[in-house]
Structure formats: C-alpha cells, structure tokens
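As written, the chain order gives the labels A, B, C, D, E and F, with residue 1 at the start of each chain.
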Amino acid sequence: MRPSGRTADQMRIITIEPAFTKHAEGSCLISFGDTKVLVTASLEEKVPPFMRGKGEGWVTAEYGMLPRATNTRNNREAAKGKQSGRTQEIQRLIGRSLRSVMDMKLLGERQITLDCDVIQADGGTRTASISGAWVAMRLAVDKLLAEGKLTVDPIRQKVAAISCGIYEGTPVLDLDYIEDSNAHADANFVLIEDGNIAEVQATAEGATYDEEALLRLLRLARIGCADIFAAQAKATGR
Amino acid sequence: MRPSGRTADQMRIITIEPAFTKHAEGSCLISFGDTKVLVTASLEEKVPPFMRGKGEGWVTAEYGMLPRATNTRNNREAAKGKQSGRTQEIQRLIGRSLRSVMDMKLLGERQITLDCDVIQADGGTRTASISGAWVAMRLAVDKLLAEGKLTVDPIRQKVAAISCGIYEGTPVLDLDYIEDSNAHADANFVLIEDGNIAEVQATAEGATYDEEALLRLLRLARIGCADIFAAQAKATGR
Amino acid sequence: MRPSGRTADQMRIITIEPAFTKHAEGSCLISFGDTKVLVTASLEEKVPPFMRGKGEGWVTAEYGMLPRATNTRNNREAAKGKQSGRTQEIQRLIGRSLRSVMDMKLLGERQITLDCDVIQADGGTRTASISGAWVAMRLAVDKLLAEGKLTVDPIRQKVAAISCGIYEGTPVLDLDYIEDSNAHADANFVLIEDGNIAEVQATAEGATYDEEALLRLLRLARIGCADIFAAQAKATGR
Amino acid sequence: MRPSGRTADQMRIITIEPAFTKHAEGSCLISFGDTKVLVTASLEEKVPPFMRGKGEGWVTAEYGMLPRATNTRNNREAAKGKQSGRTQEIQRLIGRSLRSVMDMKLLGERQITLDCDVIQADGGTRTASISGAWVAMRLAVDKLLAEGKLTVDPIRQKVAAISCGIYEGTPVLDLDYIEDSNAHADANFVLIEDGNIAEVQATAEGATYDEEALLRLLRLARIGCADIFAAQAKATGR
Amino acid sequence: MRPSGRTADQMRIITIEPAFTKHAEGSCLISFGDTKVLVTASLEEKVPPFMRGKGEGWVTAEYGMLPRATNTRNNREAAKGKQSGRTQEIQRLIGRSLRSVMDMKLLGERQITLDCDVIQADGGTRTASISGAWVAMRLAVDKLLAEGKLTVDPIRQKVAAISCGIYEGTPVLDLDYIEDSNAHADANFVLIEDGNIAEVQATAEGATYDEEALLRLLRLARIGCADIFAAQAKATGR
Amino acid sequence: MRPSGRTADQMRIITIEPAFTKHAEGSCLISFGDTKVLVTASLEEKVPPFMRGKGEGWVTAEYGMLPRATNTRNNREAAKGKQSGRTQEIQRLIGRSLRSVMDMKLLGERQITLDCDVIQADGGTRTASISGAWVAMRLAVDKLLAEGKLTVDPIRQKVAAISCGIYEGTPVLDLDYIEDSNAHADANFVLIEDGNIAEVQATAEGATYDEEALLRLLRLARIGCADIFAAQAKATGR
C-alpha cells in the first residue's frame, strides 16, 4: 500500500498551465500532485561561445528550488555562493533531455534557456521540470514560427520524464517525497513520444536491484509518460 | 498622463493570496498589478549566533528574482556565485521593515525568515515584498498562537511599503516598470498602520528634488499604504 | 545631554586636507571629529561597458574600512572573499550622490572612480565619504580643466552629506559612534548646495518616527551641510 | 570496425597496481588501456556531521583530473575556484557506487574517503575510478581487519563499472576517447559481483535509443565487469 | 646614477609616526620616502584554533594596498573576491618576520594581528610594513606591560627589513619604484638587531646573479637596517 | 645523525622518468627519495593578454598536491574553492625559476605551462618541481626544434633547485619531511648550471641564523644541484 493510496502504476494528477508569466517567450506552471515547477523559456538570438559560427542553435537549462519549497527551509544557493552538485546534475540532465528532441540546424543560431524553478516540492522535481520544459520550449518555438522567424519546426518530438522506484519491495510509478526518501531504488526515465529512450538513471539506494526490476520500472515509466504526453498535447495544442 | 492611464494617486490592483504554499508556516502570493511576489515565512526554534541567550527572537529576510521575472533574462545569482549589491540592499530593507513591528521579547528565542521571490516583475518588487512579508509573518505567528506556543501576540502593528516618484515632473503613486525607469526621483516609503514611518529612501535620479516634493511623495505613500493595509486585513482577518 | 557634550545642532570639527596622496588625480583626507576617511579620485579615459559609445562619462565609488578602523578589529573583506551588504549599500549611495551633481555629457567618455577608505571610524563614515568624495572629484576635474582636456566645468554644484538621528528622544546632528549605536532613528541626508535633496535615507531603529521628526532631522541636516559646504570651498577654492 | 581494432565486446587491457603510494591506508593505480587513475583510500576515525552518533560509517569520494591528463590542457579547478558540474556528478556517482557494497553498521563510526585522480585520460575515467576505488577501499579495510580494529568484514561484495556505447550503429564495450566523443549513446553501468545492478546511466547523444539497445549494452557491461572483478581479485587476493 | 640622485648605499628618509590611530593597541604610520604604510597591532586574548591549549601566543599579519596607492588604480581585492598571490606571499613574510623576535611562551595565549595597509606606494612596501609592524607590536606589548598583564617582555629584539637590488649593474640600497621595476635582481632582507638574519629572498629578474653580488646586497641591507633600527628606537623609546 | 642516516651533504636518490604521460608536449616523473612529482609541459601557440604583440613568449607554472600525497589527507583545493597562499607562493617561484633560463624572444609568441602535481610528498616538493619542470620544458622545446618550429634553442642553461636547512644545529642538504618540520632554518636555492643564482629563499624557523650559516647552506646547495644537473642531462640527453 502506497502512503498516498495510489496503485503501483498510478500517476499523481498532472496539470500544466501554459503561458504562466508574461515576459518569457514560453512558460508554464506544471504540477505533478503537490510538486509545482515554474518553467520559462528565454530566447536569445545568439549562441554561447563554443557554438558560434556553426549555424546551429543551442538549448540549455537551469534549475533552482525556492528556499521553502521543501518541508524544512534550505539555504538559498545564491546566498551560499554556489550551486550544489545536485543542482548542477539536474540542470545538466534537463538540458540534455531537451536537446535530444531539438534539431539544432533547423533552430539556427539561437539559444533557448529553460529556467525550472521549483515553487513547491513533493518528489519528482527534475522529471516535472523536463516535462514542463518541453511545453515552455514548444511555446517559444511556436512563437518563432508564428512570427515567420522559423518556417520549419525544429522540434522533432515530445519528450517527458518520470521517476519510478522500488518502494517496500514493489516497483511503483511517480514517487512522491515520502516514497522517494524510503525507496530502495530510484530511477528517472526520459522518454520520447515514439517509444525511444533519451536517458535512464537508475540508482540503488540501500539495496541493489536486478535486470528484471529495471525492466519493470521502465514499463511503469512508459505508462506515466503516456499521461504526460497527453497533458503536454492539451497544453500546447500539439 | 501615466503610461498605464492611472491617475497620479491611483494604485494598481492589489491582490494577496494567503497560504499559497503548503510547507511554509506562513505564505502568500502578492500582486501589485503585474508584479507578483511569492513570500514564505519559515519558523525556526532557534536564533542566529549573535542573538543567542538574550531571550529574544529575530526576523530576517531574503530576496530573489527568478531569472525570467523581467523583460530580458537576468543571470541567476546562484550561478554567478554571488548576490548583487541591489539584492543585498533590498533584503536588508525588508528585514528592517518587518523587525520594526515585531516585539522580539514577546516572540522569544525563535527566528522567522521571510523569503521573497519575485515570480514576475513590473516595478515595485521590494515594496510588494515588504507588504506580502507582513502577511506571511502574520500567518506564521497566528499558527504559533493557535498552537499555544505563544499566548501574547508579538506583532504590534501592520507595516506596508509603496514606491512613489516624480514622473514627467509629476509626483505619482506606485510606479510600474516604465515609470520607474524614467522617473526623476524614486522614493520607497515603509509605513506603519498608526501613521508612523519605519523607513524613507528617496533618491534623485537625474534631477534632485526639493522638500516640498518629498512631502508630496510621502502623502501619496499614505494613500497607497491605506489600500495595502486593507488588503492585508482581508487576507489575514486581522 | 550628548555624550560628547555637544548641543543638538552642533557638528564635530570638520577638517579637509586636500591632495593628501601623490598618485591620484584628486584626493583628500576628511575628518568629522575622530572619523577619518581618505578619498582618492582616479580618472580613466574610458567608461564601463554599459556606458560605451554614448559620449557620456560615469562616476562610481568604492568604500572600504581598514580592519582596525573600529574599536574591535573586523575581518578584512579581501580575506573573507566578499564585500558585505553594508559595504555595497554604502558604495552605491556614494556613487549616486556624486553623480547627482555631475553633468555626464560635459564630462565626456571618462570615468572617475572615488575610493573612500576609512582610516578611523567614529560614526558617519558614509557621510564623510560623500563629502570628501566631492573634494577629490572637484580636484580631479580642476586638473582636467587646467590641462585643457575640459573647457566647460561639468560639476554643477557642491554635494555634501550628514547623519542625524533621534538620540534619547531628541533629534541631534552628526551622530558619533556612541550615539549612532543607541539612536532610535538614524537618517542620512545628501544635500545639494542650492537646497535641493539628492537622497534621504531615514530608518527607524527600535522605535518608528513621525513626519514631524523627519522634518526636524532634515532641518538639522541643512545646518550641518552648510558647515561642510564651507569646508569644501576652503579646501578647493571653489 | 573500432578505431582501436578491438572487437565489439573486447575490453582494453586492465592493470591494477595495488599499494601505489606509501601514505594512504589503501591505494592503487588502475589502467584501462591509456586511461590511468590513481586512487587512494583515506581512513578517518570520525564521520561527517550528518552521520554522527548513529554508530554507522560513511564512504565518500572525490574526483579530479590533472590539467594535462587530456589531449589539450584544461584549466585547473583549484585555480578556477570551483569544481565543474561534471566533476561533482562523477564524484557523487563514485561515492554512491562504493556505498552500495559497504555495510555501514559493520564499518562503525569511520569515514573512508576515496580520492580518484586521473593521471592520463582516454575515455572511461569514471568507471576506472569506481573499479579502482573498490581496490583501495578493500586494502584499507583489510588493514583495519589485520590491526584488529574490525573483526567482521563490512564489505559485502565487489563492485565494478564500465562504459558501453553505440558507436557507428553498433553497441561496443569499454569506449576509448575517440569512440566516446562520437558515440550516439553512452552508458555507464555499475555492477555487483552477484549480477545485481548498482547504477545505470544511459544517455542519448544525438540519437535516442530503444529498449533492445539498452539491454545489449547491459549485456556487454556484464562481460566487461567480469574481467574487472578478476583483476580486482588478483590485486587484492580477495 | 640613481633616478633619485641618491648614492648606492643611501636610504630614503625614514619617518615613523607612532600611535597614529586611536583604536588599535599599537599603531604607526611609517614612511620610506614616498612609500607610506599604516600599521596597526590588534590584540586578542585568544589564539587561533591550531594554537589552542599550548599556553603560547601567536603573531600574524595581513597586508593590503589601497586601490590608488599606486600610479594607476588597481582593482580592490575585496571587490575581486580574493587576495592575489602577491598579497598572500607578503603577508606570510610579514608574519614570519615578526614571529622571529617574539617569545611565544612569554606572550601567553594571546594573538597580535598586524594590519599593514599601504596608503601610498613607491617601492619597498613589504619592507616598510615589516619595519613598521615591529613598532606597532612593540607599542601593543608595552601596553600589556604597563597594564601588568605581562611582567616579562616577550619581544627579544628589533627586526627590520629593507630591499636592495642590482640596478644598471650596480648593487643599490632601498629601491624606489622606478629602480624596482628595472632592477636585474631584487632582494629583500629581514635582519635582526644582533646581526642575525630572519629571511633572505633574493630573486633574479632578467639576469641571474653570483654569490658575490648576494653578499654585497646583504652588506647594503645591514647599512639600511641600522638606520631603521634607529628610527624604531626613536619612535618607541626602546 | 640524520633520521635517514644520510651524511650532512648527501642527497636522496634522484630519479627522473622522462615522457611519463602521452598527451603533454613534455613530461617527467621526478623523485627525490619518496617525494614524487609529475610534471607536464603544455605548449600553446599564444601568450597571455599582458604579453600579446611583443613577439615574446611566456613560461608559467601551476602546482598542486594530491589530497593524500601527505601523511594525513589535506582537503582538495578545488573543493575548497581556492588555492592556499602556500600553493600560490610555490607556483610563482617555479614560474620565475624557469623563466630565468628561457630567452623569451627566441621562444616567440608561445606559452609553456608547467603543471607540477605532487603524487607523494616527503619534503622538497617545490625544489623537485623546479628541477623536473626543466626536464619537461626541455622536452617540449626539443619537440619544437625537431618539428622545425624553432631553429635556435631558446633555453640558455639548466636550472635546478634544492632545499637545505639547519637541523639539530648542523647545516644539511636535501631535507626530508621529518627534518623539514624540525629545522631551525629552511632555505631553498634555485641555481643555474654556470654557478649563478636565480633565487635564494632562506627563512628562520624558531632561531635566526648568521651570514656564515647562509653561505654554508649555499655550498651544500651547489653540491646537490650538481647531482640534479647530471640527472637532468641523463633524462634529456642534453
């Protein structure tokens, strides 16, 4: 029995509120249950130094958590003067995930920066961030298409992410915070709409796991991502 | 004529959504027009080292702006590795303002940290932060009272803040971003419900101002703060 | 009765020793009683990136306190690896104050950096810094005029600053350290020779204050600044 | 055809030189072909603050690369003043991997720090680090057992790691630098001697991959880790 | 011919103004010609962690240069966020030099921190710092003796320092800035009043030097330090 | 009697393994007894900003110590976020020493960076670094000569360094760690093959020393450097 009463393959309620802020080229507020992430996509008509002159674009991401997004207050990273290893790991993952569905040649020499800021945390903030970042990026690219700055859509497919884990011996989908902090294994899957995989990160916590468990977690992730793809479609009309 | 069409002494619409997040002891989302700030109050049953053993409490504040809260993206302070002078100046001001209405002896050896994070900016983020921080602090203290951890209310009064300035030669109330970036003088007033003043910061930008102008700006601030006190009362039932 | 025996509207002795160091284009050692600040004006024939190509100049300031300028030693900010919020707030104030009397177009694409280093502190270091910075800036500009690099004087007026506060219930002028650390309100006024105001920062400490008190403090500041303007005139022959 | 002429499931030559340095409680120099990592295990009879008083031990890791370990020189992280996101990600992975085979209760309130410093890099530095760290940790624990400070061996099993990837459309084992920088997918597997999995990190680069590819890569990793377990056994007599 | 017209073994005029600031336990303003350094000695009745519980004292030093102490402005180290290698090297040298004449057991568990801040620079700032630091330390210890906190003088002897160098092929004493920046070898000697040596740092710049040159430079340093010892005696009455 | 049983003028065994790593243009592993330093020379066809456009080259050095090179583990400087004063002092010394034998005009607009990383420490790491850096630089320059990128050898002579000190009252050569931490004076000499001196750093620790002692230490250093020059010649065929 899961603390939330959900079945093993049951997602929390997903909501995506597109165009949540007025300044960003694309944005949304995405919720996986009580986990709420504000994502903005900022477009710049230039690329970082290492990409210049190649005629290609770039997609990058940053991640932050408001100090009281969590149950007890965490010190502000800006005040501490550096981002934690966890923050950097997450923002690298978000960036890679979004780049996996973007055709950089079609995007042209532009950069899209995806800022994922966790307003409230209850497990799964990195997967909610990836899933919401696709929406913000999609809206920003739609704006470029609408303005005629792009004529061919550079986004190849949808990408979504979900966490799964082995909780009390059972593989379960979409861990909330209580499950996450007690899981024996914790896996994040980044999946593409066509069924392919962009990233698997499956980590043993306390007890190692076998190949069969890995495959069961992947199967759960496919169930969860189907829901997310539907929510993304609804939010963007794509 | 103001860009927004408002009259010189007209505030933007103020909304305060109390208890906006689930983890914090007190919180609200406050809006002054398109300026939106999420404020959380975090309570700790200990005080910082310099206050220990005095039997008194402490109130402090931190301030941040999401990278794309503004029209063009600002680099994330956590990524730059330090908070700007502006950020530090603002969070010092917020902390002083809230301390001016708190009886530290009655609060006891506890600390309240007010995190003010700007979700969307359109001028007046520091004054919205102060005004919202009072609400978050009020709710956190009400929780202590409800739980019987405090029996006497340590908050003496309401405190609110508003910006005024001289725009196109005319003193106006509650500057939005366009006015703020073109004002000849920019003043922030932190006022107490009984009419007293907690802080005046009145700065010439481009042209200096005379004593009469200072007084007119203060008069406008009184008008604006009356509205904010009403909104605070409505949000907290106090 | 003030600890120093001064009357409520009595300044400490002001001395300004112009051209205190040999390398700087302008400099002075300014004393407000036991508060001693060394100010240098450094001229560069270029402006910071955000000002380039506008045909205008820039004035900026930095502030520091020697570790043992105070009664007990403070750690060196260079050793701590960052400037405190207080330091940044003060240097921003000094810069703004000096810019309020400079015509940037007449100055041309040059930058003047005012370094204010407190040799000995006894209250009022920021106001002594502003008042001395005007002298250093004046001397540096006089050098440009003498060399024919400027033909029209870009400095419009004198600017000076003084602190006032409510000590033991009475508004007093030019707080020394003992008064400053016990004042109920602490106000810094930056005034222009023609009577206009460049900046007011009036902060409640412990007890809030009313409008009448604010006006009395401003009146005291006018008395103090008259003395400073005279000392500035004597030091520069202007 | 692989650039090195190896078959798809062929490892590079693995060598492990145990007790490479004289000061550390355990150490080795591990080579996967031209990739050479010096690993030391440092034992302290205390644990970090968050583990104190639980009667349990801790294992942590740090990772560094000498500036000219690579083909072109990288700036020294100590000189830049911070560790890159990549470095932090790797050292977190190494720590987790080694903790997965350590019984912390049996270890007791001690900390083992594994320093993995890359002397020469040619792909696979993180997997060589994990594989060598097991040897260094094993030797340090054997010392504790020999000295009678421990009577029951707290290390449950061997752990090893290897990278695999899809190079020119073919899944291959143990990527060298040329393959790594051109692979379409890059996976790191951390495996336990009993066949279980401690961690999978499988990342699409350029092209996403399907479930079958993931399983093939895992199969290759099992082949590679068998070789590494043998080398670990030879180096430690365990 | 030296640029200043001095003979090869001629010092600049040395002045030492003792008790230059009111807060420090000991202080002086020392000048070697146009080089002016303000030194304060701060006494604390505790020692740093690595010295605790040994019943011995500690002497340490910090060094800084005001931004416009030099001909062109240097960025403030506090603003850059770190002290340069040069600064750290100098403050380590000053600390070692002063410790060489202090009996730490007699001093007892106290720390003296010597802050050397260069007000104006014209070569030889580190040697002026050492020479002035002895005066400040002497005055602080005299205060302890006068107050009866010490009964036996822990300072064994005088220590002074001077730079010498090979300028235009000739060994010369007490380099000023022009000589220093053109010298072929630059040597700093820290000498004890009894003729012994606390430190030699002799560096080739451009051309290496032979043993005879080293000895000639040492001879010049003895001449210079005799002058400094006399000035120290005059300033302290010791 | 020295702890190692060596005579006063006896060096430890010196070994130099040239071309220790495959990527660097020049490299060696140098050992002075148990002190082992890996040095790489990295060549870049550009110079740092302050040297640009002069038609001259530059030689610089960086120094690091692996965390467990020493008897107890030191925190990693990259993790601490800054290099210690000691590290900076050492790398400045190494750079100066190597520059003293390089003709920058003949080298042309190229930079050689010498990275000295201590694998195992037992006293004398800075002098081993200098001595090994000459070998790595020599090999890198030989490569330039072999490739025809240079036709005239820009390295004028050999440079080597050794530490000497006064241990138990006796001047001894090549201090190991036990001697170094108990020596009354500690001197590092950087000598040129022709007998000239590039640098002397002779520091009193505990007891000051006289001129005769300085000369004896220099004599010992000449004996030690003769050995090192021979080892350098053997390693490079020069």
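Note that in this section a residue touches a chain if its C-beta (ideal position, glycine included) is under 8 Å from a C-beta of that chain, and two chains touch if they have at least 3 such contacts.
Just so we're clear, the structure is a prediction, and the values are computed from it rather than from any experiment.
Of all chains in the assembly, none touches subunit A and also subunit E. Each step here moves to a touching chain, and the least such steps from subunit D to subunit F number 1. The chain with its Cα centre farthest from the Cα centre of subunit C is D. Centroid distances built from C-alpha atoms place E farthest away from subunit A.
Two copies of one chain, subunit A and subunit D, touch each other, and the residues they use overlap strongly: the shared fraction of interface numbers exceeds half. One inter-chain figure worth recording: subunit C and subunit F are separated by 51 Å, centre to centre, where each centre is the mean of the chain's CA atoms. If each chain is reduced to the centroid of its CA atoms, subunit B and subunit F end up 59 Å from each other. Chain geometry summary: the mean Cα position of subunit E and that of subunit F are 28 Å apart. Each of the following residues of subunit C touches two or more other chains: 81-82. Judged by the touch criterion defined above, the protein chains form a single closed ring in which each chain touches exactly two others. Traversing the ring of touching chains from subunit D and stepping first to subunit F, the chains occur in the order D, F, E, C, B, A.
Residues of subunit D that touch subunit F in their complex: 21-24, 27, 34, 38, 40, 42, 44, 62, 64, 66-73, 76-83, 87, 113, 115, 117, 119-121.
Taken in their complex, subunit F has these residues touching subunit E: 82, 85-86, 88-89, 91-92, 96, 100, 187, 192, 195-204, 208-211, 214, 218.
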